[in-house]
Structures are given as C-alpha cells and as structure tokens.
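So that you can tell them apart, the chains are marked A, B, C and D in the order they are listed, and the count of residues begins at 1 in each.
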Amino acid sequence: MQITETLGLLLALSFVISLLALTILIWAIANKQVHTPDADDARTIFEPGEGADIDYPDKPHHFDTARSGIDANSSSVVMWLIAAAVFWLIYGSLHGLAASLELHLPDLMSGTAQMTFGRMRTVHLNSVAYGWASQGGLAAVCWIIPRIFRTNLRMTGLLKVGIVLWNIGLAAGVLAIANGWTDGLEWLEIPWQIDIILAAGAACFVAPLIATAKNRNVHHIYVSGWYFLAGVLWFPVLFIVANIPGVHHGVEQATMNWWYAHNVLGLWLTPLGVGTAYYFIPKIIGKPVYSYALSLVGFWALALFYSQVGIHHLIGGPVPTWLVTLSVVHSVMMFVPVIAVAINQHVTVASNLWALKESMPLRFISFGAVMYTLASFQGSIEALRSVNSITHFTHYTVAHAHLGAYAFVSLVLMGAIYQIVPRATGKYWPFPRMIAWHFWLNVIGFAVYFFSLTIGGILQGLAQLDATKPFADSVILLKPYLEGRSLGGGLMTLGHVLLAINLIAIGFAKKTRETETENMVAAE
Amino acid sequence: MSNKHPSDIPPRGETKSSRGQTVLRAILAVGGGLVLVVLGSLLVDFGLAPSWLTGATRDQSEAETAAAQSGGETKQAALFQPPAESTIPDDDFGKSVRRGMAIFNDTGTNAHDFVGNDLSCSNCHLDAGRQAYSAPMWAAYPVYPKYRGKNKMVNTMEDRIKGCFTYSMNAQGSPSGGPPPYGSDVYRDLQAYFFWMSKGLPTGEKPEGAGFGKIDKPAQEPSRQRGEEVFAENCAVCHGADGQGQKDINGKVVFPPLWGPHSFNWGAGMHKVDAAAAFIKHNMPLSEPNKLSVQEAWDVAAFVDSHPRPNDPRQIGDVTVKDAFDKWHHKHQGFYGKKVDGELMGPGYPSGDQASVPAQNENSGG
Amino acid sequence: MNRYLPLAITALAILALATLFLVIAPGMQISAQGPSQGLKPYTEAEARGRAVYVSMGCLYCHSQQPRSLAQAPDAERGWGRASVAGDYAYDDPHQLGTMRTGPDLMDIGDRLPSQAWQLTHLYQPRAIASWSIMPAYPYLFEHKDKAGPDDVVVKLPAKYAPKSGVIVAKQDALDLVTYLQGMKRQYAPPKDGLRDNGYALIAEKQRDATDATTASN
Amino acid sequence: MTDKKPDPRRPDETFEPFEETRRIPWPVYSIAIALAIWGVIMLVQTSTAVQVADKTQEEVTKEDSTKLAQAAAPDLDAGKTLFADNCATCHGDAGEGVAGAFPPLHGSDVVKLGGAKAVTHIVMRGIGGKLNVNGDGYEGQMPAFGSVLSDTEISEIASYVATGLNDDAKTISAPEVADIRKVAGDKDPFDGGAGLAGLINDLPAQPNSEAADQGADSERVAQLVGKGTDTVWACASCHGDKGEGIETVPRLAGLPAPYLAKQLHDFQRGTRFNDSMAYVAKGLSDREIGELANYYASMSSPSGAKPSLQGDLKRGAQLAKQGDWSIGVPACFTCHGPSGVGVAPNFPGIAAQQPSYVAHQLAMWAGGARHNSPLGLMAGIGKALNDSDRRAVADYLASLAPMPAMDKTELAAMESNIPVREGVDQ
C-alpha cells in the first residue's frame, strides 16, 4: 500500500521533471538565457571559406587538404571498424534471411539444432545490432569526432584493442547462442561470461573518445558530438547494468530487459544514426543545418523521453499500470525531439534537393534520416494502448523494428561508409555504379519487406483479437506475407553483398586520390 | 570561434525587437496547443475518431455488428417491449406475478392438477409469453373481455384461460379431470402476470405483434407428404422422429410432443393448420424464425395436425366426431373429422388411458 | 553546448532517472508483492526443461503473458487468465516474449496436458497441424530399432513414422515437456496482483459514458 | 558519378538569412504543449488506477472477514437463496417436489431421519436410482454438487433444508461439511435408496438397488483411454482421468454417446475442425468410436470446471434459463435440458462444461469455424451472442453441478433407436 502511493507520486514526478526540463530549455532558447547554438555554431563543421561546394565522395574536396592530417590519423581505426561491421552485416543478413525462410518453409533446415529458427533469429539480431550497427556507428564516430573537434584521434592503439576484444567477444557470443548457450533475454542473449569481454572492449572506446573531446580545438561542440559523446557514455552503463548476473529476475527482469533493449535503440543506435546524419547532411551539401538551435531541443528531449519508453513493450502485461502509462506518455512525447530533428535535417535537404542527385552517400543518409522520422512517429502511435492491442505480438512490430534499425540506422551508416572509405583510404570506389544498385536494392527490398510485414502484422493482430477466429487463422493468413518478407530480405542481402564486393575491391585498388589531392594542394 | 564567416554574423540590433515577437509566438503556440487538445477530445467524444485510435472496447463494436447483422431488429423495435423480469415488485402483487410466471413456464409442475398432457403455456407462447407473433400475453390482455365465436359469448380473461386449460392443456386428462374451477388462484396469478406484463398498453386496441402474425396463402395446397420431409429435416431433431418430443434423464419434458396422447387435444387452436402454419413460420425452429418458406410452413403444419391426438372435450357422450365436426369444426382448416391414410381424425384416446399408445383405427364415440 | 563535463553529467543523470523509474521503482514494487499464492517453484526436471525452452529460443514465437479480457480474448482461447507479476517470481530468465507467431504458453500445461501430444508435436508439428510453421525438433529425439524399457516412444502417424524401429524422446525432450506440463497458472490471482489495468480503465470509462448517454435518453 | 562537374546552382554564400529570428517554430511549441497536456491527462487517469487497486484490496479483507463470520453459524437466508438457485428447479420453490418425478424435501422422511448431515452427504455425492420417500417411489438422477459448491454453501443449503423446510433444530457448520468432504467427497453418487441405508438409521424400506452391472470395459477401451495406441494419444492424457476436461479440452463424462460418436465422426470427415482431434479420430475405427462414446457417456465424475472468464453470472443465468429473445436467443435449457443436463441424443449436457471450451466453441460457431450443429442452430446463436455474453453463459454453466452418468441400458436403447443422420450438418 505504502509503496503504491509513493510510486504514484514518483510517477507524476518523473513526467513533471521531464516537462519542466523541456519547458526551461525552450524558454531559455527563446529568451537567449543560455548560449544557444546558432548558425555560426552550425558552421563548425566547415573550414573558413568552405560551404559552397558539394562534398563529392569521389572527388577531392579542398577542405580535405586541411583535414588530411586528422583523417590520416583515424583512418586505420575507422577502416578496421568498417571491415568488421560489413562482415557482421553480411553474416547477420544471411542469418536473417535464413530465419525468414524458415518461417514459411519450416522443414527446410530442421535437421540441426544450430539452424533452428529460435537460434538463427537470435544470431541475426546480435550480429547486426552489435556487430554491424554498433561498429558501423563507431566507425562514423571515430571519423567524425576528430573532424568536428579539429584534433587527432587519441589512443588509437587502445581503440584497436577495443575492436579486437569486441569482435572476439561477439564471435564467441554468436557461437554460444548458436549452440544453445544463452542468457535468454531479448537483446541480451550473449552469456554474461562472454559479455565481460564485450564490456572490456566497449570500455576501450570510451577513454580515447573522451580524450579526443578534451583536446578539441574548437569552442563549440557540434550537435553530432553531443549525440556521440552521450551515446558512448550511455551504452557501457546500459550494457553493464543489464548484464550483471543474479540481480534481475521475474517481471523486474522483464522491465530491465526492455529498459535496456529500447535504450540500446534510443540511447545508442539512434544517437549514432542521428549524429552521423547531422554531420554528413550539411557536410555533403555544403551548407549548415537549417534552424540549428532546434537541435538542442532535439537532443535533450530525446534523452529525456526516449530513455523512459521501454515498457511500451509490456503494454497489457504483468507490470504496474503506472509504469506502462509512463512509457506510453513518454513514447508519445517523442514527437517533440523527432520533429525538431526532422526540421533540422529535412529542411536542409529539401532546400538543396539537387544534392541528392549528385551524391550517392547523401541519398543513403537522407533516406535514412527520413526513415528516422517515420519510424519514430510510427513508434509513438504504436505505443498507444488501442493501437498496441492490434500490433503487439505481431510481425507489425518486426516491420517497425526494421524501419528503425535498418531503414534508418543502417542506411545512414551505409551512406557514411560510402562517404568515409574513399577519404580514409585515398582511393576511389572501384564500382561506383554498384553503389546505386545497392541503394535501389535496399530501398525496394525494404519496401517489400516493410509493407508485407506491416499489412500481414495488422491482419494477424486483428485475427488474434477476434475470438471468433481460431488461432490457426492468424498463422495461415500470414504465410504469403512471410514469403514477401523473404523476398524483400533477399533483395536487401544482395545489396549488402554489393557493398562487401566494393569494399573488398577498394582494398585491392591502386591509390588514386592522394595524387590528385597533392595536385590540388600544389594548385592552391 | 575563429572560424566565423563574416557574412553569417547577424546584426545584433535585431535581438531586442524580436522579444515582443517571442511573446506573441508563445501565445500563439499555447493557443494552438489548446486548440489541438480540444479538437482532439471533441473528435473522440463525438465518436468521430476511428475506433482503433480511441480503443473502443471490443464488446461495444461487436454488439454494434451484431445489431447490424440481425435485419429484423428495426421491425422488432417498433413492437411493444414488455418490462424486464427484474421490475416485478417485491410486494404481494409481485409474488402473485411470480407465481403466475412459474405456472406459465412449467404448467405441469405448478398447476399440476389441471394439466392433462406434457405441455406448458410457454411451449407456444414463447419467451414466457413475451415473444411477439407467438401470441404474446401482453397483446392478449388489453383486448379482454371480448366476444368469442368459439363459445359464442363474452369471454373474460379467466374464461379465456379456462379454454386454454380445457383444450391446449387437455385438462380432461388431468388428475382433477378438468380445468381450474372459476375463482381458482391459478387464474388470479396468471392474470396478475399478464397484467403486469402489458403495463402501458391501451385497452381495447390490438397491438402489433399479437397472435401468431399473418401468413400468406401457400402457392400449392398443403401436402402431408412434403410436410413429412420438412419435419424430418427441420423438426425431428428436437421433437423426435415420432413427434413425441424428448425428455431429459429425469423424465422432465424438454421438447413438447406435437401429437399423440400427451399433446394438445382436437379442440385446441393449434390443431388448425392455418394457425399452426403461422406459428411455425414465425417461430420455428427456435432461434431461427422464418427459416422455413411459406409453403414449407403450411406443409409441415398439415403434417403435424394430421395425426391422432386427444379428443375434443366437447365431443363426449353421444356426440360423434361427425356431430362435433358439423357443430364446431366445419369452418376450420384442419383434419378433424377427416380420414388420413384411412384413419379417422378426432376420436382421441379412451379416457383414463391417456398414457397408453394410441389405439389404431378406433371408431368414433369412445 | 560547448562544455563536455556538464553534457556528460546531465546525460548520465537522465539515464539514472530512467533507471530509477523503469527498473528500480517497479523492482521494489514487484518484490514487495512476492510470489503469487499457488505458484510453486520449478522442480529440477522443470528447470532443466525450461533451460531447453530458453536455449531453443521458443521465446521468439511464444509469449507467456495472457492479456486481460478487457483487451483481448486470450482467456476465451484457453490461454489462461491475465497474468500478474507474482506469477513470474521464480522465472530467471523471464520469458514474457513479444511475439505470438505461435500461441501464448503461460497456461499450456492446463490446455494441453498430454505428454504424448507434446512429444509428437515437438518431433513434427505438421504431423498434427498441416498449417503449422513451428520448427520441428528431431534432434531432441533419437531413432532406435527397439525401445528400451525406460524409453518414451513418440506416437507418430505413418507419414512421419520411421520405416523401421521407433522414435524415442531424449532427456531434453522429456524435460521440456515436463516444463510445459507444469505451466499451469489457473490458481486464483492475488486480488491486488500487479498488472497493466489500463485497458480495464478504458473499458470502465466507456461503460460510464454509455451509461450516461442511456440515462440522458 | 565519377566525373561530375560542380553544380551550376551554387548555393548562396549568405544562405539562411532568417536564422537568427527563426528560433523554434511555433508548430513545435503547439505540438509539445498539446502532448504535454495529453500526457498529464493520461497520468491523472492512471493515478485513479492506483486507487482502484487499493479499494479492491480493502474489499478483499472485508470479504474474508464476512466469510469467517459465516463459518461460525450457517446463514439460513443465504441457504434459501442457494436453494432457489440450485434445488428449486426440480424440488420446487418450497421443496414440495413433483409427484412421480422429484421427491419432496419439505416433510420428507429421509430429511427428517437423516437431518442436515444426510442432506449434506446427498448434496455432495448426488444420488441415482430407485428411492422411496414418504412411501412414494422415485427414480431419478440427482447430480453431485460437491464439486461446485463450497463447504460454506453446502452447510447453508443443508441447514436450510433441515431447519427451514423441516422443523429439525440441528444445523450443520462449514467445518463439519469439510469433515464429511474429506471422508465422502470423492465417492460415487448414492445407489438409490438402498445406498442410504448405512447413512440413515431406521430408514423405511427402500427398493432393491438395480444398479446395472457397469461391467468391465473392454480391454481395448481401457487401452485407448489410458495409454493410447502407437499413433494415437491416450484420451485421458488431455481429457483427464475422469473425463472432466480442462480449459479448452471439453468435459466428456456423461455426454450422450450418440453425440460423442457424431463428433468423432465429424472430426474424421473434417466437418468439425480441430487438428488434434482430427488426428485422433482418424486413428480410430468405427467400433472403437462407439465403445469410447459409451465409455464416456456412462462415466460419472465431479465437475472440473469453475467460472474463470470474468463473465457476468447474472447475465449468464438469464441466457441459460430465459434466453434473450431481443437478440433472438432462446434459453440454453430450452434445448439442453433443465440445468443443462442435456437431452440425448443430439443435445449434449452443458452443465459443468469447461468455460473456456464453451466460450471458445460459441465463438467458433459465430465465426463459422465450427458448423456441425443440427440444423445449424448453434451458428445463429453463436452469432447473436457477443464476447461478454459468451463469457457470461460459459461461466454460469461452469458453476452448475455436472450431469449424471447415463446408464448402460439406456445407452443400449438409444443406440438401437436413433437413426444415424449423416450429411445434415451445417
């Protein structure tokens, strides 16, 4: 009894704190009570005089000359991360495709325990979340942080140790899962014993990035930097708290599980994706972001609201009502940061549409940014109790998860890779046309995937809510949509293979860019 | 901040003047927010928002669908709705109403001495006498007393009920050998029940839903042969292939017999094919009214009414079936006094032997 | 936003706040409830079976959290009453799940108590339901020429039976079925059991609204 | 895309001229405020949820204390209500009985001699077969209420019958009922009046028991029920050792044999849809189906059902006893017999049936997934009932005493009389 009343108070308190914080922030911005970032700050990413030319990925940019020292210093770390990320992308995609096939061809691979759906799907998730998206994001972080801070990346050796540890841990974890050794919580399947290696790897990233931030040569921390620096702090905390063995059990473990799982998306993958987009969109276009002050609202509202949305995965479940409502309310409040980010990024792109034609990486990144807006809107709506009744427990949720983690985060990171690699290696992409192919395979594949599962999921949910339909109906009606998902997934995987081919080929290509860069330096 | 581009430094003088605009914008924003909330809640309150957004309970929407599905609903709505059982008062009048209802629903148990067959009032007056077009009691009560051709006199409600006991309940075969005597509590309680049920209806006017409703004339003459097929297909499941109804494990009648010694006698209204056809059309099979076509209803009514049953109680002593036919039955559309498969309809069963199997080909008189 | 330390401190403080509300506070409330009356700890065999359940990833298609009747007809499907926090007191790891590609299993021991059924279904779900998309688990079974005295032989229709010999369940399969058979949560729920009553609240509000409209008519 | 020329539409160096004044667009404000207001409303509503929960808890404690008070002395008023709900259907409102069918309780020699204790035994175990009360012969089947009434409820009913309907002074308390339940709770129904001899001293002469020799079931049936075959699972492994069913697995004990046989044949033919039962039925011969149907029809077992779907029991009772004609639904008991004991061969007993099974089947009829009722009668009824009606009626039926077993002679008679009606499904 006592505890219920206290919690009732706490509940109100939590939301009030968030609201107050947001109000103060907006008031402060409006009344210039604090130093709010403005257009000048937004130009931090540019050198003086820069910002009038599109930053072509395959053409030396005059700005690169000034930065070449910085880039050269971080390029090996970045390339290690990209190579590992793309490996896990391919590995994870293949497992995802196999798991998808198993759902409509259940007897296809039923001979071995390692290939059963429950394990293939888990390997897929861990590979793409921790192998691909996390490392891809870190590659972008290690590339962008030194650039926006105008200083060399510090402790690159430690970073490389981190990369090695992380990949060893991940490989061990994935093997463990395939062989049935798992912690059994979604997003936290890797056994905690192996998590120690991963945690050590993650820790190796924190110190160098903070050290780099400390030694920055600019006054203003550009918005990408907020997201990245907060993200690299948040993730290790989340990861360690969630994986402490013996502390969590029962329903409390479930709330912890979704606190973690959603925060991995909201406070780790999303900051990586948003931060990357915040850097590359204006950088490639050559203009600062539109209405830069809004980015402050976007960031802090994301931190305040996204951090408490996790329990919307347990709507209608055995958790206290207040807790669910808290997460529902915060989910809907996510409209605020998303709109802020959308205005920043989309208006910048929309007033420079010509750049989309010019730059393939920009096409990936701004497509991803649009998907972030859509995924977040969808997520807010999905968290409403009435909508959730239909969509929860169905493949609609899977479509939504892929809209966020794939169409948004992955596409942004792929664009970043296409932008970074030529600069980090000093080489051209050997098969530039394949980039376009990759883009369209992913977009079309994803569209097939998304609409199949969205429609199928809604029908599945409605069938399960209808007491007059036997459960079997919800399975039978879903089958064609599951087949559609495999088709879309196949196209997406094919796109990833093209990325991998390009990446391998660039490794064997002759250096070409450096000479041109030298020529330009000479010309200047 | 060494990197500021000169062209991007804003003219600082503008800052002050933009203060006023900030206030204006704040007012606009608060107003806009309130308008959004108000509009949204209005939409929800007036049911304009889609149900998936408001989270309408499944019960509600299902009930709406169910209402939409049953097409007869609109027609039903225009009919008189008798009060709910829960509105029976708790006083002495209410007790009488409840007793009347008990008699109505289980006549054999609660008016045991006056019932000579296996039927209850509610077998034909469905839903405890409340169902429209199955001769509801709320439609009968306001039109009594009235003149009836059947006995050529003004009938009070008591007279009318006595007639029911005499014919439909075959009181001649009951333990007491006849209907309840005038002034019996059985009449008092039944009338209390009917009175309570028809509260609010004007007297002297026949309300819509009275009787068994109208049925069109059949396209073809009713056929016993076709009726037999209809019966086997639609009626035998409940009333038995032999029309003798069914009892539960304790011998309690569940489905009433339609003919034979334990059914209504030849004086009952239901022996008339037109009455039976209307009843069947509008009420049978239970829960699926109007399932049978007009022709099928007539056919199966003819089949049911062309079987032996207890004799007309007026046909006693020296009165032969032919006499009775000429006096009471010649205007009726029925099988009384006619031969069916060589067997004369009407002689009934020897009195005092109601329970025995009907004797075959017995001559009139008895 | 020009200094790193305030940024870092505030960011971590926000996360701490979220942890307080999403993990610590509900954790305290839930542990104050304790296990539901009627819930028994897992037996050794059940715990082994549960480990098989976890390791096979059953979680990814089967939830273990029947919804309330105000929200969904789960109980009507025989999936059991709406679960409360106390019903999971002995669960580690929890297996609440987020998908219903297959049916909810919270009450499977009540709904399908037959060991023989479960074994057939695990060996080949399509032997029972042709439409099923559940994986088969042949590696939880072995093919023997002749069943030993303690072997549990799987009953199989001709289409899926081996040409000769019999299919017997390995210990893993037997444990898994023991776990499933033990999934019975039909004891009376504690009246103050913790669960999301949001849907009941909505339904109540709507009922009040309807009552008000009918009354005004 | 390699050799792209610089774009001719070069961006202006002095882009974003209004950057300074366009701080935060007012739509952002509006949306943020609207969401905040909405959030506060949501949270206020949830805080009422906290209160609701608290109230329930208080109510629970109150209920408990009333229950405790009841344990001391049986509440005769409650007994009267329980009598009206459970007994009056057959024995009459005042326990006057029905001549030739149901023995009287008011002024009954059995009650007078045996007192509340004997009534408790009979209510708990049920009684079937020949019985003399006040010199009149009866032959009926009274179901066992032990599994559907609590000790308190039985003590109230028995005390009411002994002291309210008769002038015995001695009541019986719930703990005493509990003691009787321990000894006799799971025994078979009394075998007619003769079975009462050991219970009631000086009972007037009772007819001889005619208990039909139930006989050993054929070995084949025992095998099918208890162990199954090489391909088919044991019946009892789902339906329970006593055929009482569980959840969506139906109670089979006491259902009419022809009904059971028809369902198995329908599963075989695919006219009734259930994967597991189709699998089983396809593995059974016609002979085995017949034997199994008889086995379960002649089985008597306590109720394994209790209301569990939060159905409105009042509404359920209304639907079961009176129906709701405004939605075109006649009373369940109109066809399934008084108290839902069933009417062989086509109308199965529905009393003490598992509530999830009943609700689920009604839903399946509504949706058309089940369509094998005679004349399609249940389809119309299923469609007319909404979700809460289905749960209400299912829960009410689950609260009833189970139907008594059918004896074998009756079954044999039925088999020879009932024409098997094929092909009239739907």
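To be clear about the criterion, contacts are C-beta pairs under 8 Å (C-beta built on N, C-alpha and C of every residue); 3 or more make two chains touch, one makes a residue touch a chain.
What you are looking at is a predicted structure, and each value in this text was computed from that prediction instead of being measured.
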Highest contact-pair count belongs to which two chains? A-C
When the mean CA coordinate of each chain is compared with the mean CA coordinate of the whole protein, which chain is closest? C
For subunit B versus subunit C, what separation do you get between their C-alpha means, in angstrom? 47
Would you mind pulling out the distance in Å between where the CA atoms of subunit A average out and where those of subunit B do? 66
List the centre-to-centre spacing of subunit B and subunit D in whole Å, with centres computed as mean CA coordinates. 27
Please compute the C-alpha centroid of subunit A, do the same for subunit D, then give the distance between them in whole Å. 53
Give the residues of subunit C that touch two or more other chains, as numbers and ranges in rising order. 73, 76-77, 129, 197-199, 201-202
Two-or-more-chain contact residues of subunit A, please, as numbers and ranges. 4, 7, 11, 30, 38-39, 51, 219-220, 321, 325-326, 328, 385-386, 389, 465-467, 472
At which residue positions does subunit B touch at least two other chains? 5, 8, 10, 15, 22, 25-26, 55-56, 58-59
In the complex, subunit D touches subunit B at residues 13-14, 19-21, 23, 26-27, 29-34, 36-38, 90, 92-93, 98-99, 101-102, 140-141, 322-323, 325-330, 334-335, 337-338, 341-344, 346-347, 374-377, 380-381, 383-388, 403-404, 406, 410, 419, 424
Of subunit C, residues touching subunit A in the complex: 1-4, 7-8, 10-12, 14-15, 17-23, 25-32, 54-61, 63, 65, 67-68, 71-73, 76-77, 82-85, 87-96, 98-103, 125-126, 129, 131-139, 193-199, 201-202
Residues of subunit A that touch subunit D when the two form their complex: 1, 4-5, 7-8, 11-12, 15, 19, 22, 26, 29-30, 36, 38-39, 51-54, 56, 58-59, 285-288, 290-294, 297, 321-322, 325-326, 328-329, 332-333, 335-336, 339-340, 343, 352, 354-355, 358, 360, 428, 432, 435-436, 466-470, 472-473
Can you list the subunit B residues touching subunit D in their complex? 5, 7-8, 10, 14-15, 18, 21-22, 25-26, 28-30, 32-34, 36-37, 40, 58-59, 62-63, 66, 69-70, 72, 76, 81, 85, 102, 109, 112, 126-128, 130-131, 233-234, 237-238, 241, 246-252, 254-255, 285-289
Listed in rising order, the residues of subunit D that touch subunit C in the complex are 45-46, 48-49, 52-54, 56-57, 59-60, 228-234, 237-238, 240, 246-249, 275-276, 279, 282-283, 308-310, 356-357, 359-360, 363, 387, 390-391
